[in-house]
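Structures incoming, each one as structure tokens.
Here come two complexes built around subunit A, the first alongside subunit B, the second alongside subunit C.
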Partner chain A sequence: MTEPLVRPRRKNPLKRTRLPLRPQGVRSRTAHGLTAAAAEGRFALQICLDCDTVIYPPRDACPSCLSARIPFREVARGGTLIAETAVRTTTDPYFRERTPWRVGTVKLDVGPVVVAHLHGDAVEGGRVRLELKLDKSGSAVAIALPEKDTENMADDPHLREMTCDPKFRRVLITDGRTGVGQAMAKAFSDAGAAIVFVGLADPWKPFAGMAGLRKIERVEIVPLDVTDTESVTELAEQNGARIDIVVNTAEHIRAGGVVDRHGLTIAREEIDVRYLGLLRLAQAFGPILRFRGADGVNSAAAFVNLLSVHALMNWPAYGGYCATEAACLSAAQCMRAELRPGGVKVVTVFFGPLDIDWFQTVPPPKVTPAALADAVVRALQRGLEDVFVGDVAEDIRQRLAVNPKALEREMAN
Partner chain B sequence: MQRKSYEGAVACLPVTIPYRRYSTNSAQWWLGRALHELIKRAGLRLKDIDGFAVSSFTVGPDTAVGLTQHFGLSPRWLDHIPFGGASGIVALRRAARAVQAGDADIVACVAGDTNHVDSFRKTLSTFSRFAQDAVYPYGSGGANASFALITKHYMNSYGAKREDFAKICIAQRDNAMSIPHAMMKKKLTLDEYMSARPIADPIHLFDCVMPCAGAEAFLVCREDVAKSLNLPSIRILSTIERHNAFPNDPMQIRGGWELDIGELWSMAALTPKDVDFVQTYDDYPVISMMQFEDLGFCAKGAGPDFVRSHTLTNDGTFPHNTSGGQLSVGQAGAAGGFLGLVEAMRQLTSQPLGSQVPNANACLVSGFGMINYDRGLSSCAAVLARAA
Partner chain C sequence: MTVDLMAFARAVANGDIRVIDLTQTLSQEFPTIVLPPELGQCAPFRMEEVSRYDERGPAWYWNNISLGEHTGTHFDAPIHWISGKDLPNNAVDTIDVAQFIAPAAVIDCSKECAADPDFALTIPFVEQWEARHGKIEPRSWVLLHTDWSKQPYTDYAGLRDDGAHTPGPEPAVVKWFVEQRDVHGFGTETIGTDFGQGQHFNPPYPAHFYMHGKGRFGLQCLTNLDLLPPKGAVIIAAPLKIKQGSGSPLRVLALVAGGNA
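== the complex of A and B ==
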């Protein structure tokens, strides 16, 4: 059983902040196949299409038949932990301040032997299940978890290094006026976040769900207007060092394409709220998050971007909106590289049409704000980097992987 | 096909450049010192060296070719053998064949590495692609962590205890007491061994070698050439070499020796009882224990009992790692793969640096190395004898 985390005490502001370090993240190009799987929470290893051998470590030829047809595929994750050790002396500065660090040899049922990080409840000689996670370097590693869930298992210090669990962390929901913002506040409160800061522009203006929002435990309303640089900067100055996870819920959804929309007013607005809003948040909060990446139990952990799945493929009915979403996706990719030195994950959550007024005319299936919020919390708990929420999002992900050009044509209908 | 004997080819002139914990000199410097010592003591000119085999981890970006220009050599036979703990025996057997075939007359086999303050970490993190992709990101414990897992599994499987490994380490320390350049020259007690700092459970401090800088070297030539140079030489009765044996063993519990052991002894026309001392590759004591089993001194799994029933010092019932091995002398990178071989040559020619094993006429030397991922891939061994 894992020792439950203790809620961190208020930090002494005079104390030095521990600077973030990273384990070595360099990998061969082939090994980043594991990174791709870990980013989405899949357990995938190479399988030889010619002789069915499951391969690890990643190779460029099958060690049984030398075939080069060895793609990454999901495989069964069960195995036996045949030997374990606790590393107490290491040449790496990241691990040096985290020793003893347990690692072990797992014989997978599907064949290969994997040297893996060990969850505290994984026992030598016992059954384990392997998961691929992104470590603080952003590259994939395998961790052996006990075969069945154990109490408080998410609190395990090794595992928590690879996840962004909201428990005891302080979250900023950038816009509480939307249904998604409110659902998000509720979900983070339920997940054990220590404080849920919820941003509101013009807080005196009433809105649907206002009373409910204020009733959520540990919610603290803060003034925040993502279209106002000063407002964003001011919040970061006042509370930035107390914010460990940022979830950008600022939303601007309008129908209309690029040719058939008249004028640039709407485009300017959506760019201001969505793209420039993201840049303002990134510039104000990014450097503080990056600096606080190793700041104890409630270290800075993640910046979450909620993106329409149509950021990946334009949907002409909402064409202008999609273009802005695509710009936000590109910015998020950049943020990933920029925040990686702090070990801070930039999570992209791709959703299908939401069950909100702005998608009123769109037929189901649609994603409720609560489902989106749950997916975000789950993604953080699991340490994912790319998440697809809802049937439409999943459908588009699959079609895109097979034939992007076909999808482009299909989106026009 | 029956393998050809090594008759006519001999090894001579064991050279060691005294080890240092850290060195600001380059690997080229250390290799150069060893090569210089060889020609000086053999009374040769540089151009007499027409074969050159070199082993080093830290000589990059140079290869053996670049070193010929660095050292002013013009060899007609050249080999680069960066095989870690297998380097020495692999160099010996290749050079012997070259000499037998007439491809070279005098082969200088040289191994050496430097040890800068940060070179150990750099070597670990870039040791191999599999190490980079699948080992180093897991705690970065280096070889200590990999051998900790192998040791733990061996202990679980065969009931070896830390006290058994202690016995190997303590005996080697006794043997090292008279070796001037040994890194560890203080007598080791069981208490000190047992209470040493843990490194990666169950590996503790005295299970680990001390990385250092140094070089080892020897010559391989025809017997008549050695005689004309007045160099006492040793005969090569047999050798074996194997890489990536038993890939389906989930954990390394045996080395590749097991595949080739019958041939090693039959080619030598000796049995394990006939050798007077043994030099195993001792990067960790568990590997020495595995070698006792895999090389035929006892049955598989009987390693712990074998150790309990023998004394392993130079005056004991089973003289083992007679100069203290890497565990006491230090591991100068690839020179660690030469250490046992060079020491065996000294014992068999009665010119020991430390204490002499009585009646040392035949011995077994083995090599092991290259943790590419989760296990040592290379194994080799040689049976050597005093020249007639």
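== the complex of A and C ==
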């Protein structure tokens, strides 16, 4: 079992904040096949389509038959930890601060031997499951976990370097007025977040969920309107240094395309709430998150963007909305690069139509706010970067990978 | 008659005429009218800093602002309402500028409103006011002194699950103001000139319907009406000259004789 994490003591304000460092993150273009798998929590290695060899590390040709037909495919992750050692001294600044650091060789059941980071409960000679994770540099690494879950295993310090577990962290949910915002507050409270700040704009506008929101443990309502630069800036100035995870739940969902809408008022509103709102949050909270990327157990960890899966392919029935979501996706990719020096993950969570009023006329399957919130918490616990929630989102992902043009035509029907 | 404008200017300068600001500060937090979410919405006031003596503009500070024509303390022109859409000179850029200065009759119903947020102004109530202060002069603003501007925002907007609960006029009294008293316009401290539940009147939103239908004006989100006398104040309310504008945020000033009392 893993030594359970204890809630971090209050920070000594006389001590300098440790600056974030990153392990070496350079990978070949081919090796980023592992990064793509790690981002989505899949375990994928190259498989030779001609001789069935499973290949590791990534290569440009099959080492046994020289075939170039070696796509990444999900494979079984079981294996045996055949040898382990611990790095006790190193010139690498990131690992110097974290020694001793256990590493080992894992003989996978599917063939290759992989050099992997080791979870504290992975035992030499024992069975392990290998996972691909994004380390602080944003590149894929392998970590060997014990075959079966062990007590407090998420608290393992090596694993926690690769995840954004909300436990003992302080979270900001940017809009508590929506069903998603309220479900998110509940999910983070249940996941052990130390404080769940919940933003609320226009407090003079009553809403049904207010009483429920106040009842959630460790929720603190804070004034926040993502359309108001001053409001966003003020919250960051007051509380930015004690917010470790930002989840942007501000939403603006209206039906209608770009031709068949009357005027730009709605478009301006959705851009203001979603795209400019994201930029305001990014400018206010980004720098302090990036600075606090190695600030102890409750270091800054993640910025979560909730995006319609139609950010990836326009759905003309909600075409204007989708265009704004696409802009948010592009901004999130930029944020990812900008926050990487702090080891802060920018998570994109793609959802299909939600089971909320604004998608009232859309037939199931739909994603409930609670399911979306659970998916976000699980993604942070696993350290994922790209998440697809619900059948529609998964369907779009798969169809997009096969034939984007066909998907575009079919979305128009 | 000779007019001594210099004497007027001196009276303003030495305080014989007091200038009272009836305007709410344009701020991001100030409530804006709320319509059902599927309808078009009035933009709240927002401000983006262009530069503040920094790399974006080394020696100067300035902002870009965005807002609706009906954000904060604002003026309603007749074109705002369907009943006034075909009148001549019905938009803020074409209204005769002399109309922007007019006297005011200030009707105090603050006690009644404190007791009942659904206080509705009636003809008998105004007749009682006239019995004390004399008949409303033609071409006067009628300003409803409710003290609503002193309410915290939640009560100021007065939103419940059946809509807003804020004081305002009944249809009959608005029609009477226009037809029997030839008023200049109607001004309130609340978010709109109409009663909070005014959509259920016949006609709906009578202050808008009758006032604008007869080419009269509206002022809302006023403050400091408690500092005005029942009669005798002169209101300066000049909206921005927006091309075919339906209204405009503005600075509303009242001139009150009475010196430095």
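As a convention for this text, the second predicted complex is superposed on the first by the 412 of 413 C-alpha atoms of A that agree within 3 Å, B and C clash if a C-alpha of one lies under 4 Å from a C-alpha of the other, contacts with A are read in each partner's own complex, and residues count from 1 in each chain.
What we mean here is this: contacts are C-beta pairs under 8 Å (C-beta built on N, C-alpha and C of every residue); 3 or more make two chains touch, one makes a residue touch a chain.
Bear in mind the structure is a predicted one, so any value in this text is a computation, not a measurement.
A.B. asks: Considering only touches as defined above, state whether A:Ala83 meets subunit B (first), subunit C (second), both or neither.
C.D. replies: first
A.B. asks: After superposition on the shared chain, which partner residues are touched by A:Lys205: those of subunit B (first), subunit C (second), both, or neither?
C.D. replies: After superposition on chain A, A:Lys205 lies in contact with subunit C alone.
A.B. asks: Who does A:Phe197 touch here: subunit B (first), subunit C (second), both, or neither?
C.D. replies: Neither subunit B nor subunit C is touched by A:Phe197.
A.B. asks: Of the partners subunit B and subunit C, which touch A:Thr229 in the superposed model: first, second, both, neither?
C.D. replies: A:Thr229: touches subunit C, not subunit B.
A.B. asks: Scan A:Tyr318 for contacts with subunit B and subunit C and give back first, second, both or neither.
C.D. replies: Neither partner.
A.B. asks: Which chain makes contact with more of the residues of subunit A, subunit B or else subunit C?
C.D. replies: After superposing on chain A, more of subunit A is contacted by B.
A.B. asks: Under the stated touch criterion, which partner chain does A:Phe351 make contact with: subunit B (first), subunit C (second), both, or neither?
C.D. replies: neither
A.B. asks: Which subunit A residues lie in the overlap of the subunit B contact set and the subunit C contact set?
C.D. replies: none
A.B. asks: Any idea which subunit A residues touch subunit C in the complex?
C.D. replies: Result: residues 202-206, 225, 227-231, 254, 263, 265-266, 268-269 of subunit A touch subunit C.
A.B. asks: Taking the complex as given, what residues does subunit C use to touch subunit A?
C.D. replies: So the residues of subunit C in touch with subunit A come to 28, 31, 34, 38, 40-41, 43-44, 46-49, 152-154, 156-157, 159-161.
A.B. asks: Over in the complex, which subunit A residues touch subunit B? Could you list them?
C.D. replies: Checking each residue of subunit A against subunit B gives 23-28, 31, 56-58, 63, 82-92, 94-95, 100-105, 107, 113-117, 124-125, 135, 137, 139, 141.
A.B. asks: Which residues of subunit B touch subunit A in the complex?
C.D. replies: 120-121, 124-125, 129-130, 132-142, 144-146, 148-150, 152-153, 156, 197-203, 247, 250-251, 373-374
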